[in-house]
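Shared chain: chain A. Partners: chain B in the first complex, chain C in the second.
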Partner chain A sequence: MNTDTLPGTRKLALVAAVFVLAPIPIAGSGYGVGVLTRVLLFALFALALNIVFGHNDQLFLFMGGLGGIGAYTTALVADTVGVTAWLALPVAALVCGIIGLSVSWISARRRFTVILISILTLNLQLVFAEAFIGARDLTGGSTGFPYELFSISGIAGAVGIPTKVVLYYVILAFLMAAMVLYIWLINSKYGMAFEAIREDEAAAESIGIDVVRYKTIAGFVAGVIIGIAGTLLAREATYITPSIFTFLAVDVIALVVLIVGGIRRTYGPIVGAVVVEAIEAFLSNYAADWRAAIFGALLIVLFLYFRSGVIVTIRDLLEAYDLVSSGGSGGGGTPAETEAE
Partner chain B sequence: MVSVSTLAAITIDGLAFGASLALLGVGITLVYGLGEVLNLAIGAFAVIAAITASLLTSGGVPLPVAALAGLGVVGVLGLVIDRTLLSLVYRSDGEERILLGIFTTLGLAVMLEGIMVNFVSSRYSLPLDLAPVDIGTTVVTGTSVVSIAVAAVVLAVLFTFLNRTFLGKATRTIFQDERGAQLVGIDPRKIRTLVFVLSAVVAGLAGLVVAARSNIGVGNAFQFTTFALIVSIVGGVRSLVGAVVAGAVLGLVNTLANFFIGSYVATVILFGAAIVFLLFRPEVMSS
Partner chain C sequence: MLEVANVSKKFGGLVAVDGVDFEIDRGEIVGLIGPNGAGKTTLFNTITGVLDPEEGSEITFNGEDLLTLDTHEIARSGVLRTFQIVRVFGEMTVLENAAAGALFGTDASVSQENAQRRGREALAFVGLEDKADMEARNLPIAQQKQLELARTVASDPDLVLLDEIASGLTPGEIEALSNTIRRLRDDRDISVFWIEHIMDAIMGTADRIIVLKSGRKIAEGTPEAIRNNEAVTEAYLGADNS
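Our next item is the complex of A and B:
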């Protein structure tokens, strides 16, 4: 893919640069790097949700479960076949992509509404969660097993920087690749078809757009990204248990991230992840017991009042009072820097 | 081989579990049928009622009073939530309202759970201290029999209310034709409030029934919600009779599978049933 033809390449490069530099002031703090890594991971989940829900009206509420399938598949393939996790990851991503594809295909063929898809995938999430605990022979049940794949500590030792920092850069590379894919996708004929289908499905169909095909493609792409994000989430935790992949631990957070950043906005997932993880880091330091309660309240307020995105709403307000000049879409630069402190 | 009496005992236990499932299913169906809000916080109502009653009984309050107090607490909570949160949700229409309902009640569930863990973090039960009941050669637990009886009576009262009283008939009219109901002078918003409070109390009762048979904690809230969802999907989300039948059948199937195959498979059967129904009868969820 020729990135020169990509719109907004400079902006993406700027965001990438900010994230490349972000760990430097805090490299000594494992905690700080952990927070930054979670920013990247949830940006990745939210990016997948943006494609499949934002652009395709398919509300996937089994991101945790699908991410778990990715993580367990990577480990099992690497273990049973005896290959490096780098080769197992594409297999796992493909498996997740096929699951996403199947759900989207069935839903599109049967003309499921967004509500029906959300309830179907929520049920799948619960089945997956049960399976992770129940299939003890494969997953180690609720106690799980250590997850230190990708020989990152080897690389870290050779280069002489902490394992967590190396992992951060690996995940950053995946996020940036996903961003390039997203920007290309949305500006291609696929993006145009997504937009047409979202505006009016029947009209899109009448001008010859294959609705089922485009929705299925979106489901596949989201499935692949979620599978990779799930694997990296387990790697970040260095230990895999079913509790990492619950509905409340992944789907709820990814939804909040997407809505905070702004649905269908290119940098929405990144901005949202920075804001949400900053709040989460603050809460776990000062009000750990109230973290869940505050996130629940946040979810309510966000959906009732800020559905177009907190960033969008705030900028609209500022523009209304002539505090900033209009134009320019939300960047990831400034919030990322405050986060890095 | 399993003896007939064991099988009968498991069946009664299954029906007792089915009774709580039916109540949860009815709770979710009432609200969805009337206002298209899929109440994902319903499990929290069940848990709040059960824990309130349990704390009161251990504080020396007689069981019936404690149970009523538990139901009263969720009733008031339901009223407050309806007047605040749901009023905001009802401002939108159609698919947008359904989505908004899902997200706000999900947020509410997370919030209520998050608040509760700070105060009531252990596990609670509501022992009825009943002697086992002998039915011929079969011995069944008294609690299971009482659970089934209580659920049956409450459901019968609920159905009588909906079928026989003016308020009930008005409610059913809105189920079928909201515009028509408005034309004959029924205020849908008031009926929705009434029904939401009713559903909260029914869910609370489900929580009490479960707590009578086992320990429950705050962590069970979301599990109850998923059970309610499954029942309403299998029973058809607008059909109260469907919810009752689906609850009883799923409770029975789950308990039998639990006994013969194992708890893990039993749970997967529950979710599997919901998925199969969604795939083959998706119209149950459509508006």
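Our next item is the complex of A and C:
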């Protein structure tokens, strides 16, 4: 562990470069850029889930609802205060952070198990979903309203590239910032505390770790990221409706992305998002009618055979067939260490 | 240093600890013995804030009321413990386990480099330095218990509570452990409160021994006095104990 420089800076820079270049071959295709943007957005949701669930055993199943709170709050603050969405977004992120913090604080104080937290947050998800539809004056009800904040079209006009591509880069910047935050967090004292708490809460307390405090911090950080991701999700859709923020539309996908990519792996959310969005895109092009059914079946297969994430499974396979030399601790089991080499 | 007065703990109708009083001073190694189910571990749990004792119980450490503190705060005030059923962080390395003790066991902010250095030192203290990079779960259970000890030592405690740390060791290893425990006191100025069933280990090391039976303190004194105490002999003969 090195505290001076961020571990794995080069790897992150490489990943960033790939995503910076990715839109170029398909720049003409609004659809292609849309798929790439969804990859970034769900990597962002899954990253938040990785912190709060992967590292902290707090299964947040209200990412859709919380993301919706972020999106509506950004729009409402921008509208009522009359400021740019760039100033409204931090306020919305803070609101979501405080909601995440409160949920984690209550759960940790009452020593909720992962099941209880998931039930609590799923209930909140339903409450938020109802509220989005019910608070018609603020949200436009189920018909919603156009969502074209952040004056991105202005930038796009000035630079001469499509709005969708500019938005893609904006979201990429947020994702990379979140990745830097994640890598720093997991390699810091916080990461050590998270790991200790996840492995054995009683032992963690016995050596002086304030379990409630660290879980609450994780809830706050995840809440902030989810709030931002939700806002960007609505911006990508250019129109906000409650249907964007349902359990099925956000939470299920983010959870699948995280599991497929590999829980507690630094690049798990990104790898998982690429795999899941590729499958989604393929199915909606070639098997639209059967999309949901095939997607469901695929998920079962992925859960059964790729439980520790595709990265680990593929590496193990390659090693088994001697295609690559085994690198250190490449064995099966759980990917406990975050790889940040 | 540690003052325990009138401490009781009930589980439903069962009185696991029953009005126990004692003190532990700086520089002392105090043994805690008693038949299975006597309430020894429960007493540790009340001292470390894992369990709340009954009304009227008093536990203070260096004048501070431990009953108002949470478990992690008690650890930070200098009272660290090991567990009867071992609780290392299995997926971390041996060194990371010890470093975690240094990182979180004090109120002072400790850098990660510093924590690693102190972790290494603590591993050397218990003789685990050559296992530093192993995953902790791959250690034999008896060594995991030594690692728990190293984890407490790394945080530079004032008092450690050891719960059957010698179980599973060979006679030679018990001798080494007894030495380590004496060095805790002599070199590190750490007091020790030690639960043990292996009489040879504890009788040869402790300055003073407290005997618990059915939650009550039935005797307290030097190992010599305890050996010759009739109530104690009876407790052990009466309770079918190995």
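Points to keep in mind about this one:
Going forward, the second predicted complex is superposed on the first by the 318 of 341 C-alpha atoms of A that agree within 3 Å, B and C clash if a C-alpha of one lies under 4 Å from a C-alpha of the other, contacts with A are read in each partner's own complex, and residues count from 1 in each chain.
In this text, a residue touches a chain if its C-beta (ideal position, glycine included) is under 8 Å from a C-beta of that chain, and two chains touch if they have at least 3 such contacts.
Here the structure is a predicted model, which is why all the values come from computation and not from measurement.
With both structures placed on the common chain, the touch criterion links A:I119 to chain B but leaves chain C unconnected.
For chain A, the partner touching the most residues, choosing from chain B and chain C, is B.
Within the superposed three-chain model, A:A287 lies out of touch with both chain B and chain C [touch as defined at top]. Of the two partner chains placed by superposition, A:V81 touches none, neither chain B nor chain C. In the superposition on chain A, contact is made by A:K189 with chain C only, not with chain B. Of the two partner chains placed by the overlay, only chain C lies in contact with A:E205; chain B stays clear of it.
Once the two complexes are overlaid on the shared chain, A:A173 sits clear of chain B and of chain C alike.
The part of chain C that touches chain A in the complex is made up of residues 48, 50, 70-72, 75-76, 80-81, 83, 87-92, 96, 99-101, 103-106, 111-113, 116, 151-152, 155. In the complex of the two chains, the chain A residues touching chain C come out as 1, 3, 188-189, 192-193, 195-196, 199-200, 202-211, 334, 336-337. Only residues 38, 85, 88-89, 95, 98-100, 102-104, 106-115, 117-118, 222, 226, 229-230, 233, 264-265, 267-268, 271-272, 274-275, 278-279, 282, 285-286 of chain B touch chain A when the two sit together in their complex. Across the interface of their complex, chain B is touched by residues 59, 106, 110, 112-116, 118-120, 122-124, 126-127, 130-131, 133-134, 247-248, 252, 255, 289-300, 302-304 of chain A.
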